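Everything on this sheet refers to the single structure shown next.
A, B and C are the chain letters, set down in written order, and residue numbers restart from 1 in every chain.
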Amino acid sequence: MTFDIYLIFDSIPKMLAGIGMTLHLLFLSSFLGLILGIIILLMRISGRWYLSFPTFAYIYFFRGTPILVQIFVIYHGLPQFEAIRDSVFWPILREPFGCAILALTLNSGAYVSEILRGGYLGVDKGLHEAGKALGLSTPHRFIYVTTPIAVRLAIPAYSNDFISMLKATSLASTITLLEMTGVARTIVAQTFAPYEIFIAAAIIYLVMTWFLQRGFGLFEKRMSRYIKLSEA
Amino acid sequence: MSDLIAWSDDYFWGAMVVLKIFAVSLVMAVAFGLIGATAKLSKSSIANKIASAYTIVFRGVPELLVILIFYYGSAITLTSIGRVFYPQTQFIDIAPFWAGAFAIALIVGSYATETFRGAFLGVDPGIVEAARALGLSNLHTFFYVRVPQMWRLALPSFGNHMLSLMKDTALISIIGLEEIVYVAEMATAVTLKPFTMYMIVALIYLSITTVITLVMMALEKHSNRHLEGAL
Amino acid sequence: MNESDQKPIIILEDVCKFFGDFQALRNINLQVKKGERVVVCGPSGSGKSTMIRCINRLEEHDSGKIFVDGRELTSAVKDIDAVRREVGMVFQSFNLFPHLTAINNLMLALKLVRKTKKSEAREIAMRFLERVHIPEQADKYPSQLSGGQQQRVAIARALCMNPEVMLFDEPTSALDPEMISEVLDVMTDLANEGMTMIVITHEMGFARNVADNIVFMDCGQIVEMKPTDEFFENPESERTKLFLEQIL
């Protein structure tokens, strides 16, 4: 066996061709997932059963099944129905990109709503009461008191979820999308040097993870400056 | 409906494969987690660094990529080793089952490392001192005092790791393991009902993860039984 | 300085409150006049806290009637908001908003509830921080302040809404001993300025100095309510005597 260390460095630039697609998948589905997660959370805490019940089913399903299976159900499965093929969504669902975004968004939405809920549950009950005692209305308390604190509490979990999302984008390669892992698999098929190529891809993912962690770390520091200052 | 009945045997055996790989990699993941946590908490800086590198790599690289590296990589390695002894060797393949089980165990083990590390730190040092004062050896203290105490603290997070492990098994179909995702692919080719076939896979996973969740809830209750009535 | 001719600002009539099967308040009757200082004492779990939390509806009473400044407390949101604007509250655990500086803690409700302009809100807030003797801490976050300072900010936060009545729920119980007096001093000043106050506390020295009347509660009932001197010199019920023996 020859392990060609130069092949690792040679293949990195080729692999970068897939980075654009990886980031596109990551940021678009995380953004949509965040919006979806907020909507799901609001439905869940609305106190109306016909709004909260569907969110339970949704979260239960998407947290209880593998993302790969969700992607396959959407990409391979949905065209089984004529109604979908005739619908206005067909141009999106026909494309692997649209399916990947849909699957990742739905998955992320389920996790994000739980993460945010954890943040809100973590806010001290006494602060609600202090807000009430001052005469702040429910929306005012939600916006000015609970949310800033809940967001800070949710950042570590959200940052982990964001990194999970980065890793999940690699699954798009299974439905023919040429993101990083997809590009790596193509190169491996040509060169049959799986160690070098896949390790090169792994290095790029590690660098991206590192940047994301740094970014979230700084954001958390900024958001919790009111705590850190006193400890310093 | 008749399609479902026709394929029910395949799904059943596919599900058995899933459970088997889950059991095997769960045991390995716990072992990796304990080793990793011990290394992270040890005084040896080399052990610290190796353990940190382990968690950074396996938590930062996509699961699918890890599985691909293990599967194709091990094939290449084994083939070249084989050729040293028998130059006429064509190709030695490692079973997807073992490559996959090992890969996902290492991944989940890296998460378990962090969980166990935190839980070990949460164990009251006084209890450990008490055990040492009673004359228990290091090893006995570890397995009879620290691990049981740590386990209670680690259980909630570890439940989530078990769910991840279960869901990661689906990825092994990509390297050709004949489990339920693979069955669905076969069934779709014959029946042309992809939604039905993949949805069955989803429901099988959903029922297994539900059972895991229920078991974890029962375990948590069980492991906290000595605290009942204390508050 | 009993102003017995004045109309009561707070009236509780046969107020009952249940938590599940547990009855936290049993037929509470209480009247507090404008400018009156009432200290509530009693063993823990006696319903003191529940009673004053009903006055600004942090807890809902199950039966009976509560009036604040002539307005009955019902579930109508408008009434609750109106009552909360007139009733300030100070909590045992301060409950300052951790993400806001001291002065922003004061300004938040001024801006949102009173619709005060930012510059004006800042002026008002500063004035009240001066009143509790910590204007120099205005731009610090709660976590950078000592317990005593935090509680004084909390008092200022309630005061700057210009309430008619102040409720204190064990304001010094969470404080280290050396910080208790700085908070009690602020409260004494407030009492001397004529603020209507209901104070739950175990600080009997403060009660003797400041209170017009003392209420003793046990098991969800008002056992005894008397003018301060009389309460200490000649308590009627056995339970009160026992409690005073333990606490003094």
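Here is the rule we go by: contacts are C-beta pairs under 8 Å (C-beta built on N, C-alpha and C of every residue); 3 or more make two chains touch, one makes a residue touch a chain.
No experiment lies behind these values; they were computed from the predicted model shown.
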Report task. Using the touch rule from the top, work out which pair, A-B or A-C, shares more C-beta pairs. Result -> A-B
Query raised in the report: Of the chains present, which has its C-alpha mean closest to the combined C-alpha mean?
Result: A
Query - Centre-to-centre distance between subunit C and subunit B (centres being mean Cα positions), rounded to whole Å - result: 55
**Report entry** Rounded Å distance, subunit A centre to subunit B centre (Cα mean)
**Finding:** 22
Report task. Express in whole angstrom the distance between the two chain centres, defined as the mean CA positions of subunit A and subunit C. Result -> 47
Report summary line: So, in the complex, the side of subunit B touching subunit A is made of residues 56-57, 59-66, 68-69, 72-73, 76-77, 79-81, 163, 167-171, 173-174, 181, 184, 188, 192-199, 201-202, 205-206, 209-210, 213
Report task. Under the touch definition given earlier, write down the residues of subunit A that touch subunit C in their complex. Result -> 124, 126-127, 129-137, 140, 144-145, 148-149, 152, 226-227, 229-230
Query - Residue ranges of subunit A touching subunit B (in the complex, touch as defined) - result: 1, 60-61, 63-70, 72-73, 76-81, 163, 166-171, 173-174, 181, 184-185, 188, 194-195, 198-199, 201-202, 205-206, 209-210
Query - Contact set on subunit C toward subunit A in their complex - result: 56, 58, 81, 84-85, 87-89, 91, 93, 95-101, 108-109, 112-113, 141-144, 154, 157-158, 161
